[in-house]
Every structure is written in structure tokens, then in C-alpha cells.
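Supplied in C-alpha cells, the structure appears directly below.
To keep things simple, chains are lettered A, B, C, D and E as they appear, and every chain counts its residues starting from 1.
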């Protein structure tokens, strides 16, 4: 790659130069995924319930990245801005993992009885469960999941196709707007299905926003971290303007604040009301050692990134931005773990399957991500235009 | 340096001393605000507003100093209900006439008392200690738990005309409700005007808390005084 | 006096009274009556390059006056760092501490009151006001700090004596080399500014 | 808020022509819990005769109570020892008879209750100031005062007398020290079980 | 990216002088016009009606309003939430759009900020009046008082005092800081000595020094950064007035973001309601272009959808919760005695804004004006429904009641519009309604980009 008489931006366009490297990464990711999957599969026979508990957590995290990336792209199309442009190609590759995540949802369905207490219908006749029994049952649950995945995948694929082939681009804003509406509607129910129903008594109207902003934050942080990685790996130099990193940093700051805001709003209102049906979500998650996870989450997904992102220097220096992003992504893993695990264990309990399954799904996720990434240039053409204007 | 018209021509709108005035204003306005609030604050605490130490004009210039200090009449002789009701009781004219039908029976100063006795129209005493109506204050509980009359009403035996010695603000109530051990006395000393707190008041107070069954935990709850 | 857009762009040089009174302003650059020499431009780019050249020529006591914020101008006259963000941060921290300590002290120490069984030190309930006061104190610090560092309010300032200075808040761009610059020499400064192609150069009395 | 639309006890109110907020109950009405059907207890009389007996057991407690009430309401004229030399008498009030007169020693106990309730001579009724129970307590204490000045030696157990643990009859009763003017000096009364 | 032809955000052909003249002339040289006078007269009459209603209220007590147990919060709190929501758009435009480098905000931020201030001023009166004894409002502040008491920090109503107070203060500072350079322009352009002195004092001696501009710029951005989370926080805190109570219909965790979205929704409706007549009347079409109207409409559409999502989530969750009180409340809202209000709000807030999807409508000032008015009615009704329907059915049927605003309620509500309009009319006459210095910068940049 060195010594080519073209500017750094053209190097990025030359997928031939970049794609072998990415292909190598793709293979590595796949190997990690397969090994971890085999280990996890052994775990299935040793500790079946734990397998599914860990699986739900790992799947929620990785699928969240896919959903978040889709939102990122659609929001960028609607509002514009340098931040989204710089990570658009990465995000498109990321949401193309959605079909894979749909297939990987199957184990959740298989382990329904091990994960969701409502699935055996034991409490259907009890006071306060009539509607839940109508809503939370295996067939309806499965059907809804299919609807979510089909609808969002259709939007994602349609967007990617229009971008790739430069046709019907006028429809992209409308498609994005429609896609965002569908996304919000889907997550409204998906967050209820997948996480809220872990505690069948609990309900919270703002949970969908906690859930969705977590997805967006994780995707934005991961994409930013990867952008920094590629900038150094492929010597992109100033192909990605510093201002793009600055804007990404501001966006991260905004969403770190937003996530903390909705998460705290939910907590404050439930804490103040102190009603048995509502506080039941926080009680197990703030005792038995889980309170340290909550504290770490507060630090990792809010205080630490917030404090660091206030600094202009930190936002404009890609390496420091990447470190902040990694903190956010890790905190997001923790968030999903904190959502799921306390539902099964009143005291802190971390199993090796939590790690192997996270790696397994992650390996497959990254393999597919790299697969789509290598097909197209890393940066969109508009970035240079914006760059020149700026 | 230059004339006004010259300055105006050149765009100089203000004289030099305007700078000093501007700075003074910027610093002065907050100071004035603080000062005015401070005045209000001081006013609300002044005896002018609280009427502390200000003798109250009464239809009959009744002297506690004379009746309590000189004659040694017990508080409860007139304030009969102090031990068993919220209201300590203002004596009816009959109480006055118990003695003044025989002594000082022609004193002009007592004319309103005799008029009242003859006509049956009550003497309109002016309230000295007037708590707001949203305060549920009960004399009996205080007297029976060892709060001396003089603790709130001061040395009544030295008052030719009665006045407040405390501002009766809630802050003052809380002062005792938070730490009643600082003020309690043995029950036998409640009406005494000569009682002086011993040097080991806190030890005595702690003992009296137990002995008189005072539960400090709820003393500062809202509903203790506001019902 | 109202600005007249039809007025000729260049006005004849008009010596200030300070200059006439002082027989040798060139030798006494510490003259208390002279604030500096002022050049007037029509375009921000002209002013920017003039400021850069003046700074390069060694002038340090420079100031530029513009009707809107011109990017890079402050840096051109050697003013790069402002402490407004620091002051704001300190204000914010003081606000946060004030709010939290105030709430903790009054609710858990000074008047511990059981309300609905909530703990006396109800940190979740203390967050909203802590946030609000952080913002309030930070905003006040930014506002007061900015005015303080700018030396405002200052209704009287020598630069207002400059001819046409009323246009500094409307259409024109001014550059002033101040008399307290160690390198200041009135003739040199005037000559230097004339060389920058301004529409007008004038001396500004104090 | 500070002045609400309710009356404090004895507060002025313009509704009735006499401006009294607190009303006197209409004649011949009985407030709840104030039915005075125990004649002896409330009047000190049985029929038209003064009662000679107490309607309640005379205990140390009753005597202590009587002493306290006596010191508040009676001592101002009758003196702390019942000699009729109270402070108000010193100020010019007609001197009441001493309780240590034979006539009063012989009076049935109901006499004192009756006098407290209805007044006697220049003495006003104390019915509004002293509760019926307390009238009996005071009466009992007056008896104790009389006895303190005039107890037969036979009332004392000779054994204790000889041991010097009780005073001979007629000696001044001084288990509570008094000041020169006869007022209690502030020492607490002997504790009773219920205090 | 969208390849549509971008509408300009300022018409071409302007320079420093003409921008300055066009904006300052509105204040300095334009004679008082019959239209302004008429509008001001009406606003002032409404303000007098407001004063009358308030005076009667103070004299008689808040019993003159229709409030009672169980509906202890009636119009006053509805109006409060409505007004403070309207204020949010101003901060959104001036702060958030500044941080997002949306330069179309420049020509509308000044009057949007003024709108914020006046709306918050209107909003602030209602909780104060609702105190019953407004003259002891200072009891809400923490100071060592004669009671030895402190405000109850666990109460959202106290949070409100701090949130609204901070909001008003920061908005005022932000507005004033932005005004200072323009006040200097006014000082230098004013003809009469009197005006020169007034503007001169207010301009604090601003002389446009480069150092000053630098600090000004940094401070302005910092204030924008501070105002941004404030937009989130203020209406969130207002929403907790309801949400931390355990009243069905109030106790919902989505309230904070849902209120914020509703606030910006109604605020942009107010921006349009004001901007459309102003640009026409003062011929400011070159500065407040169709692009501004369109962008505001898009923000309205987006926030309207968020509000609609809030309605949906609430409905779904009340069903999902299987809580009989929650379910009853939802059904009662839809089909109970206040059903017309509920369906009015759904029509105005959910159905009407969908017209904005059509470009022909969102670029049509008259159409947008109508939509904006309907949205404002809808958002007022929404707060009315939240306040009243949640209260009028208590857990105990013995405490059920129906609330209707009395004529004093209506007079205060309509009168508060007069207060707002009076302040706004005065603002238009005495201060530059568009930021002159920012417009100069914008015009210069656009000219450079075009060259």
C-alpha cells in the first residue's frame, strides 16, 4: 500500500488493498466463533439452564449492536452530519448481520422454558396475569420476533441496496423515517418480550428507551472505535477529518447523557413510587452483589465517558476517543448482563458460559460484519466532499 | 479633556466616570439585594415584629409581679385548666372577684372588673401568646412532661404587665423538641418561678426523659404539632 | 449621529487634539493622552491579514474591533487561550457541591424528617436539584467570568473617540496599535498602518 | 391559616351579643359524661345532711393530691397550716376561721366539700376551679391538718413513739420544710406509688 | 444524502450594511404602525383581564377556580405545563441547533429565545398563584427561616422551583449575552440621545474587541452546552410532579422524555405561530425563509411522533400491566366523561401533524400556521387530560368528581396569552428581533461560499 501515488482517501476506496486484511480478520473471527461455540455447546450438556441464561445475555448484546447500527444509519440519512458519514459504511456492514442475529435467536426459543418463567403458563390464572398470559406465550412471542426481524431486515437491505446502486436515493430519507418508526414500534414490544418479561410482574413505559438508547450507544461506540482502528491500520491519515471524530465524540457524549437520563428517570420514578410491582425490577438488581454491577454500569456507561468526553482534546484525538468507546462498549456488555443475570441469581453469579457464548456469537457477528465490510469502500464518497468544503 | 459635543461626535457616549458608576452598579445591585433581604431577615427577628419584651396593653393593668411575685399565688389558682387541657385558661371575672370583692374593692383601676361582674359581660383580655391556628399546642402535655411555665413564659413573677419573652417561631419550638433534655425539670418544679437549672442539666434531662416517658423520636414529626 | 451608508468611504485624516497639544508625541510614546493609532477596513479578511502583519512586525499591544466574531482574529493578535471554560467548570463544581451538601445537610442532619419511609439521605431525590444548581452556577460563572475578563461593563473607552468608530458595531473593521506597546512610535505606527491599505488611519486620544 | 375559621377557647366572637365564643351550657342540660348523679360525691351531702364519710377510700395519694390543691387554692387565705393567716389575709382580706377551731374539727367531712362547692360567707364558690374529686382530696387534707395539731396520743403506736420514730401528738408537722411565711420551699412531696 | 435542491436560509444580495439596516429599522426608524398598535391593544386588554382575574383570585382565594378535592390541580397546572413546554423550543433552537451547527437557526433564535423567556414568565405565574398564598413563595427557597424548616427535597414540586428558576435565569443570561453586541449596534445607530443612553447602558460598553469576541464566543457556546441538558431536565422535572406520585395516569416512567418531546412539539408550534405573521408583517421573508418554516415543521413532525409513541406505550403498558386501576384509567380517558378532550388531543397531536409529511403542506405558511395552532390546542388539551382525568377518578368511588374550569379559569388562561403577547409586542418594538451580528457573519459566509 505504501508508495502508491494516490491520496489517502483513494487508498480507502481501493478495496483490493484493504479487503485482504479484512478477509484475514474475518477468518480469525470465524475461528474464534467456532471454537467458542463448541465450548459453549459442551456447556449445554453440563448446565442446560445456565447455557440459555448466558445465551440470552450474549445475544442481546450482539443483536443490540446490529439494531443500533441500523438506527445510526437511518438517523444519519435523516439529519445528515459528519459524524454519521464517517461511520456509515461500517454501520451498514454492521446491520447486515441482522439476518444472522435472527437465526441466532433460535436457541432463545429453544430455551424458552429455561429463560422465561411465564413460558409454562403456570401463573396465567393468577390475579394480574390475564393479559400477560395473552401476550406472553410461546407462539405469539415467536411470531413477534419474526415480525421484528423481517421488518427491520427489509428496511436495512433496502437502504443498503439503494446506497450501493445509487438508485432511488430520493426515497432514502423517507425510507429512513419509516424505518425509524418501525424500529421504535418493534423495540417497544421487543424490549418487553426479551428483557422486561424476565420479571413478569414488572412493567415500565420508558424501558424501551433505556433499551434502544443502549443499543444505539453501543453501536456508535463500537463503530467509532473501529473507525479509529482502521484509520491507523490502513494509514488513512486525514481521510477522516478530525472534525468527524470531534462530532462523533459529541454524539457519544449526547447519547451517554441521554441513556443516563432515561435510565435515571426510570429509576427515580420507580424509587419514588416504591410500588411492589415496579420496584421488583430494582430490588434483585441492587442487592446480593449486583449493586456493584449497577455502580460499574453507572461509572462505565455514564460518569467516566461523560467526564472524558467533555474534553475537546479527548474528542479530537482518535486514540483517546477509541479508549472511551471501548469503555462504553464494555459497559454495554455489563448492562445486558445486569439486565439478565439477576433474574436468575439473587447473588452475584458469573459463569464461564457467559464468556464463551459472548465470544461465540461475537465471532460470528464479526465474521459476517467483515464479510460485508470488505465488499465496499470503508468511507463514503461524501466524506471527501464534506472534507473539502470544511 | 474634551467637551461633550466633541465626544458625541466621536461616538463617545459616556464620560470617564461612567466606568466607575457602571462598576459600582454591578457590584452594588447584588449588595443592595443582599442588604434588603438582610433587613427583612433582621426585621422578622426584631422585637418590633415579634413583640418580644413589649408589654401588652390590657383593659385592666393586671400585674403578675404583684399576684405571683409578691402574693405568691400559684399559677394554677387562675390558670386552672393548664394541667389537663390544651388551653391553660384565662380566669373568669369570678376569680378576680374572689378576693377583690373584699380588698381593693373601690380601686378605680378595677372598675372594669366590677362592671364585668355586674353586667356579666366578660373582660376582653388581649392575648399575649397567640400561636397560629394551624399549630396544635397543648399545655397539659408540656406541663406534665416537665416543661416549666417559666421556660416558655419567662419570669412572669417579675412582669408588672405581661409580655412575651420568646418569639414563638417554629424554630424556637424545634429548639426544645429536638433536645428536650436541655429544658426539662422535675415535675414538682414545673410551676416554680425560682427554679434554676442545675449544672448537670443534661444528666438530669436524660433521666427525666425516661422518667416522664418522653419519646424524642416523634417530637419533630409534622403531625406532632400540625394536625 | 446616525451612520450614513452613502457617505464617502475615505475621510481626510484628522489629527486628534491630543496630538496637536503634544509637541513631540514621537519621542514621548508614553503620552498619557494617546491611546493608540487606529486603522479602518471594509473587509474582515483585510483586517485579519493586517492584524497578522502587525503582530509579525512585533506589535503586541494590539486590538481589533469588528461587528461580528471573525474567526482567527483573536489568535492573530496573539490571544489564544481564554479561561472562560475553566471558570465555568469551577462554577459548575461549586454548584454541584453546594446543592448536594445543602440537601444532605438540611434533610439528613439539620432536620431529619421521616417522609414516607424514604431514607433521610435520599440520593436519588437529590439528583435533580444538584443538576439544576450545577447548570445555574456554571452559567452564572460563564456569564460573570466573561464580563469580568472582558472588563465590562465599561461604557467609556478611548477607542470610542476614534472617528467612525460607531461603524465598528455595524459594518467596518478596525485595528488599533496601542500606545503602551513597548515598540510604539506614533509615526512608525501610522506609517505601518497606512501601508496595510486601510480606508482611514487616525490617532485615538485617551 | 394563621387565623382559621374556628374559635380558640374563650376567644371573642361577634355571633352572640355578649361576644363570647365559648357558650355557657343552657340551664338543665347535661353534657356527655357530666351527669352528676352521685349526690354525696358531688355535693358532700346525703339528702339534706352533710356527709360524714368519704365516697372513696382515703389513701396517701389522695392526701398528697389534697395537699397540692390546698396549697394552690386554699392556702392563699387559709394559710398553709390552716390557721387562716394566708397572704391575702395579710393584704386585708377578712380573716377566715382557723381549721383548728373545735367547731371545724367537729364538722362532718361533707362540710368542707360543701363550702368549696358553694362558698361560705365572703368565700366564693370554688366549683369552677376545683374538681369534685379534688374537693374531697382537699377535705381529707384539711382533716390531716387538723389531726396534725390535735391528734390523740392513742393514735400513735406506743412502740414507735417510744423509739422516737414518730413525734408526740401536737408537735408541728414538718415532714416538708417550710419557709418562714409557710410556703413550701420547693422540695418534692413524698413520692407516692403512682407519681 | 438528499439531492433535493436546498432552499436558502437567507436570501442572496445582503451585506453587513443592509442586514444591519433591515433589522434595526424595525425598531429605530419604522413608525408605530396601526397593525402593531391594534395587536398591542388587544394583547394589553387581555393582560388587563389577566390582572383582573388574578386580583380577584388573590382577594377571594383559589376557590374561585373550579379546583377542589379530588381534582385539586385544574387549569393552573395545565397552563403551567403548557407554557413551560412552549418555552422549550426557544432553547432548543438557540442552544441545541447551535451545537449541531445548524446555521438556519440564526435568523430565528433571538425571537425564539424571547418567546422562551415570556413563556416561562407566563408559566411561572401559575404555580405561584396555585400556592394559595403567593406572597410567601419564598418559603420554597432554602434559607434559615424562622420555622427552622427546609424545603422538602424529596418533593418534585421543590425540584420544579429549582428547575424553572434555573431555566429562567440561564435563558435570560443566554439571551442577554447574545443581545449585547446587537445592543451596541442599536446604541450606535440610535438617533436620539435618550435611546443612545438606554442602549448604551444595556450594551455595557461593548466595543467589538477581538479578545472580547473570543471570550464571548466561548461563553456563548458554553451557555449553549449548559442550556442543552437544561431543556431535557426542565420538562422532565415538571413531569415528575406527576410521575413520582402513585396516581394512575401520572405514575408512568416514560413521562420525562415524553413531556420533553411534547414540550418541543408545542414549542415549535408556537415558533411557527409567531414567525409566520412576523415575517409577513415586517417583510422578513428574506431572513425567515420557507426553509426555516419547513425545518421547524420537520422538528414538529418528529417530536409529534415521539408524543404519539408515548400515547401508544402508555396504552399498551396499561393493558400489559393487568392493573385494574391502570386499565380503568385508560378506558376512562378514551370513553369516559372527558372522552371528547382525549379524542381532540389525539386528532390535533397525532393525526394533524401527519400532514407535514407532504412537502406541499410543509412549505405553505398558511397551512403550517393552521397546523401549528391546532397542535397548540392539542397540547394544551393533552395536559388538561393528564391533570384532570387522572384525578377525577380516585381509588375510592366516594371521591369521584367532575371538574370544569370556571370563568376565572378561562380568564386566567386567555389572559396569560395577553401577558405573553404584550411582552412579545414590546420586544418587537424595542429590541432587534433577529441577531444582527450572527446574521452578518452568516451573510458573509454565504457570500464567500457562493463566490
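In this section, contacts are C-beta pairs under 8 Å (C-beta built on N, C-alpha and C of every residue); 3 or more make two chains touch, one makes a residue touch a chain.
As the structure is a prediction and not an experimental result, all values here were calculated from the model.
A.B. asks: Moving only between chains that touch, what is the shortest number of steps from subunit D to subunit E?
C.D. replies: Tracing touching chains, the least step count from subunit D to subunit E comes to 2.
A.B. asks: By label order, what chains touch subunit A and subunit B together?
C.D. replies: Common neighbours, subunit A/subunit B: C, E.
A.B. asks: Starting at subunit C, find the fewest moves between touching chains needed to arrive at subunit E.
C.D. replies: When the steps are counted carefully, the minimum from subunit C to subunit E is 1.
A.B. asks: Ranking chain pairs by contacts, what comes out on top?
C.D. replies: Counting C-beta pairs in contact per chain pair, the top pair is C-E.
A.B. asks: If I average the Cα coordinates per chain and compare with the overall Cα mean, which chain comes out closest?
C.D. replies: E
A.B. asks: Averaging only over C-alpha atoms, locate the centres of subunit A and subunit E and give their separation in whole Å.
C.D. replies: Measuring from centre to centre gives 35 Å for this pair.
A.B. asks: Measuring centre to centre with CA averages, how many angstrom lie between subunit A and subunit C?
C.D. replies: 47
A.B. asks: With centres defined as the mean C-alpha position, give me the subunit B-subunit D separation in Å.
C.D. replies: Here subunit B and subunit D have centroids separated by 34 Å.
A.B. asks: Once you find the CA centre of subunit B and the CA centre of subunit C, what distance in Å lies between them?
C.D. replies: 57
A.B. asks: What positions in subunit B touch 2 or more of the other chains?
C.D. replies: 8, 11, 13-14, 19, 22, 174 - these are the residues of subunit B that touch more than one other chain.
A.B. asks: Two or more other chains in contact with one residue: find those residues in subunit A.
C.D. replies: Residue numbers touching two or more other chains: 268, 272.
A.B. asks: Find every residue in subunit C that makes contact with two or more other chains and list them.
C.D. replies: Subunit C, residues with two or more chain partners: 111, 113, 116, 125, 128, 153-156, 160, 165-166.
A.B. asks: Could you please write down every pair of chains that are in touch?
C.D. replies: Chain-chain contacts present: A-C, A-E, B-C, B-D, B-E, C-E.
A.B. asks: Under the touch definition given earlier, write down the residues of subunit D that touch subunit B in their complex.
C.D. replies: 1-4, 6, 8-10, 12, 18-20, 71-73, 76, 87-88, 91-94, 122-125, 128-129, 181, 183, 186-189, 195
A.B. asks: Any idea which subunit C residues touch subunit E in the complex?
C.D. replies: Against subunit E, subunit C makes touches at 2-3, 5, 44, 51, 63-70, 73-74, 76-77, 79, 82, 84-85, 88, 102-103, 106-107, 110-111, 113, 115-116, 118, 122, 125-126, 128-129, 131-133, 135-136, 138-140, 142-143, 145-147, 149-150, 152-157, 159-160, 165-171.
A.B. asks: Which stretch or stretches of subunit E touch subunit A in the complex?
C.D. replies: Where subunit E meets subunit A, its residues are 1-4, 99-100, 154, 156, 229, 232, 236, 240, 243-246, 251-257, 305, 309-310, 312-314, 316-317, 319-323.
A.B. asks: Along subunit C, where are the residues that touch subunit A in the complex?
C.D. replies: Result: residues 116-117, 124-125, 127-128 of subunit C touch subunit A.
A.B. asks: Quick check on the complex: what are the subunit E residues that touch subunit C?
C.D. replies: These residues of subunit E touch subunit C: 15-17, 20-21, 142, 148-154, 156, 158-159, 162-163, 165-166, 169-170, 173-174, 177, 181, 184-185, 187-191, 200-201, 204-219, 222-223, 226-227, 229-230, 233, 237, 240, 437-438, 440-441, 444.
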